[in-house]
């Protein structure tokens, strides 16, 4: 039940510090027989890795993954898959000057109080660098979900600071460094980011993730609801401060006649539920939205204290993302993939496999008319 | 790792259906020596129970709790505490007519597809009635947190449909049936609800919960972050569609200079973090907000299908809450209490007890100036 | 991860003290659609219950079980099954005189040191009375294993103190109060027990349990091996001090040529492995043996101490089993059933269902010639 | 809840195959501030590593451990400690000839049936090579237990095939390659092993482990009893077929007057309980004994089948231990250390820390007269 393990049947145990020798994870519970290679995992890692545009951190990390176990002759064996990523560009000197002070917005003070240890090397374990291993593990989950159920998991940036990004097309997402589903708005995003970078400040963002093709029936009624586990996974991403499923906070002002999704023989008419009812997938798209706070590491002066409790001024001149939300999309996709795979296995354990089990009941039109992706005012 | 168990060290295993013989739970891992009685638990249950005002369901459930084990001579023994609540007013006839159809907005269809079973008795396991056991278990957590650390957990309704409820005072919360922290607005809420009830429709709400006095250092850096576990717990409450910590979705438009909370020798200057940084409590108030969707059981006609996939019209004439958010406040408080207690024990396991351990380090001003409760625009 | 929960997917959470209001459990993770009734569970409980012969405790406990949830219209719904057994014959006065002293061989002193609580009512939580709930939960597991896979789980007493009980026939087991698979030896056992009872002393026993029909492939390679989980379950039964799988301790003096079971196209030639190799079931019978210590509650004088550390003499005049091993057989069967069901679900989660999955590989002769039950010198 | 994770609070997640790139583990939940180095862990690994005498496998594995995370400036940080051991001498060619057949006594057939995969490289995951990571993780547990509580964990071989090894002195254990606590018997053991090696056969062994200094009160009453978790851990070691606590199977023939350990103000008079009563440590030595089966890889001809189910003759000419029990002592010690540390943390979580908590109750003489180590007839 370690705090660094994600999932109950598809289990990802993460390790590593930003500026230690390596980061990595052990993926346990993966079904045998899945073809997977380091190259496939690398593709996902490359989407998240630093240094790919001027809008993200310039730290040089190839994020090259090595598979240490659990794969033999190109397929998973059913035993634990260990993934290793050596840290390359670990300039600890960047951080030495902060070893005696606490950076505002970071967890420096909290770690120090919790553990009695001040690992000042780039935030140590609290660094978003750890999210690389989530992306690596997520690549395995994604492939299995795709191969076995045809599930597709895709995310995009839906808002950059004050700029909402209307959804136009999934195709656009991979064509710009923002994961924006909208080519027309990219120049505005670039201009905004260039200005921001000059100012030395940072900004928040909103990321949406959608899973299409999830069978009806995954999840648990109480506590380990599918939406609860998704909320846990998303709020567990560094810098996330809010999570919504489907209509999210809009439901506060909705009437029942507006919110609850009517059903017809052709399917649901709307998807305010975001694909989850009573903690169980409805067969509609799973729709998740999250708020990513602005980077705490900024060049501007901030008030703080040192280990002796004396007031100090902190500013950060390392290599940082001015908007951590930009690289959050692949992470959010990975987290959703891991949660879904975990629940796929849990469902199969208790109820048998929808793919092989003789259906106990006639399956009704599961999909129907959908609002995809969710509109944001 | 059952799906019906909440918590890893303070474990609440829930059981029971809305219209079965009983609901209840087993609370395992509670420290020994805590004075607790059925009467104390009853006080919390009475805050949530139905039938207390005209604005909530008129189902008559005394929700009387019996302690079956784990308490001897008035104190906890360290062994599992079983709590039992017999269902009294289980008019299953109210539901017989829906046994062949699926109610929109409910999980009827999802349960049927998942389990191949249609327990039509008031939603069975998916009923919000189950939340009574969370409140009962939460009463134990709350008492321990209060006695050992002086932690106070309080919630309130911050918005009822279109009506924001400005925070005035904690004292007001218990004086009206809405858990509104504002006496002046109560007539407006009553008028709104009376009108709504007549219309046959339902409405959403926003609930805020605040924990004061949480020591710095609780939580885990990765995955089982304190905020991730809170998000899991809150999204796991029936009808919740969104969860925020601290600034929540407001952080999307915030700059780093605005969002990240500066520190001074006197404490943090703001609390946009909502009391959690890097997954670990900061010593400031834990501030959580959640969106509760409108009740799906309404008297108005809704399109749906039956078990044969034929179109039907469904409307619900049972005894229902027109705004389930009204009774959600004690539930949210209970969930927060359970999560905090779980992390208190987890922290004590790994790092020793802040109350008894000789401090490894000087404790710095942990509290400071706070925005309490969080303002909502 | 509560200490009072058995199993990871088929989870039994136990509660209750010997002389409190009730004992019971919550069974979570049971597949839906299994026909089960209180009467079927009662059949198993009646095999274990006290007062059925002069050789066991004369406490009068009907051990009547009530199903509180998780079963609707005669079948499991997939939601938690709560089972309740009220205590009836709870003469706490039998125990009042020991509230200040510690009974040798019991855990009185250990509980008191661990929890700071002295629940003197018949051992409280440490009483073997708790095992009734294991038998109740096991009845569900057993039925599912039998219905789905044709697995049969049977136990017997293989030694009573100095008297080895040669295996003759499964049919005999239910025809005598000792669960002896041998009618001819019963008079000797009765005479031994009558003599023992008069002496006021108690005696140990050996119990064997065999599961037939377990498919090849259940278990996990490392840590959660099938045999490791069986050892955990059996050593977790009150009074058990030793557990063997297959040849058990005999393997110490065996050569490889003798111990390792040869395979032929017709199957394994022997079963020294006891049906488990590398932590995974081999398709042969699972064969387990355990040592049950003599009852610690005896009428004869024993030296002990009281809460002040002063020397005292303790003897116990309550209603006790002179050989707790006699009633241990149904408990051991139940524990094995629970472990096997748990691993059946775990296997199905990761590898799919042997009953429905198109076989990835041709199944080879899995059973073959077996030594059943295992001979004991 | 992955099957490859040992422990609930001190969690060891293992990975790696015998002939893959590496083996290793992630240790999560370790308290911060423990001084630990790769060198200290190496000391333990060197006790288990192959090639140290002619009586064990001649595979050349330096078993050099690298700490990848969780240790900073020489002490644990409280974050996951990843340990990596690269495989060096992985002559897969030794195994190529067995890729189509199943070795008797090994889990080849079981893995193939479970996973549909035949990883023929030296047993893959089922190889005892995996136990190196247990020893590495155990080195951390051991150090913490020693530093914080003064606990000493020591094992020895108590029987080699037909030769019982009377306990003489702990000092002798490290002076011979058998971990025999008896110098006088070593020539007999050497002669026996030399003869055995020539014959091409293998032999079983018995290993005893003792933990001294364990405080009273560790463990859980039901299911996760300290002895149940120890049985799980020991039966989870490759080749172990039986586990005893204290008197073990001797208790079958003991009377209550003989078995139950009397208490005096000076302590317990005997230790038939093996240091655990009711699942909770008594303060006496924890005494465990286990049976290790003879190596299945032998040079002599054995009947088996191939993947097509045809009969074949198998013999193994790789580099194998003729008695795997010889190297089992450090593994058993490591497993006991991990279980004890896990329960130390669990106890601290629920009941507070015996080292810092103001004692709720006067501690009585906890140790007393002991039978250490346990005599074996």
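Letters A, B, C and D name the chains as they come in the text, with residue numbers starting at 1 for each one.
Here is the rule we go by: a contact is a pair of C-beta atoms (placed from the backbone, for glycine too) under 8 Å apart; a residue touches a chain by one contact, two chains touch by 3 or more.
From a predicted model like this one, the values you see are computed outputs, not experimental measurements.
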item	value
Of all other chains, the one whose Cα centre sits farthest from subunit B	D
Selected pair, greater C-beta contact count between A-D and B-D	A-D
Chain centre separation (subunit A, subunit B; CA means) in Å	25
Cα-centroid distance, subunit A relative to subunit D, in whole angstrom	39
Inter-chain centre distance, subunit B versus subunit D - centres from mean C-alpha coordinates, in Å	45
Touching two or more other chains - residue numbers and ranges from subunit B	1, 3-5, 8-9, 14, 29, 32-33, 78-79, 114-116, 125, 221, 346, 351, 360
Residues of subunit B defined as touching subunit D within the complex	1, 9, 29-33, 78-79, 221, 345-346, 348-353, 356-358, 360
Subunit B-touching residues of subunit A, taken from the complex the two chains share	1, 3-6, 8, 14, 102, 104-107, 109-116, 123, 125-126, 130, 159, 161-162, 201-206, 216-225, 227-236, 238, 241-265, 269, 272-274, 277-283, 291-296, 298, 300, 302-305, 309-311, 346-347, 351, 360-365
In the complex with subunit C, residue positions of subunit B that touch it	1-5, 8-9, 11, 13-17, 20-26, 28-29, 32-33, 66-70, 72, 75, 77-82, 84, 114-117, 119, 121, 124-125
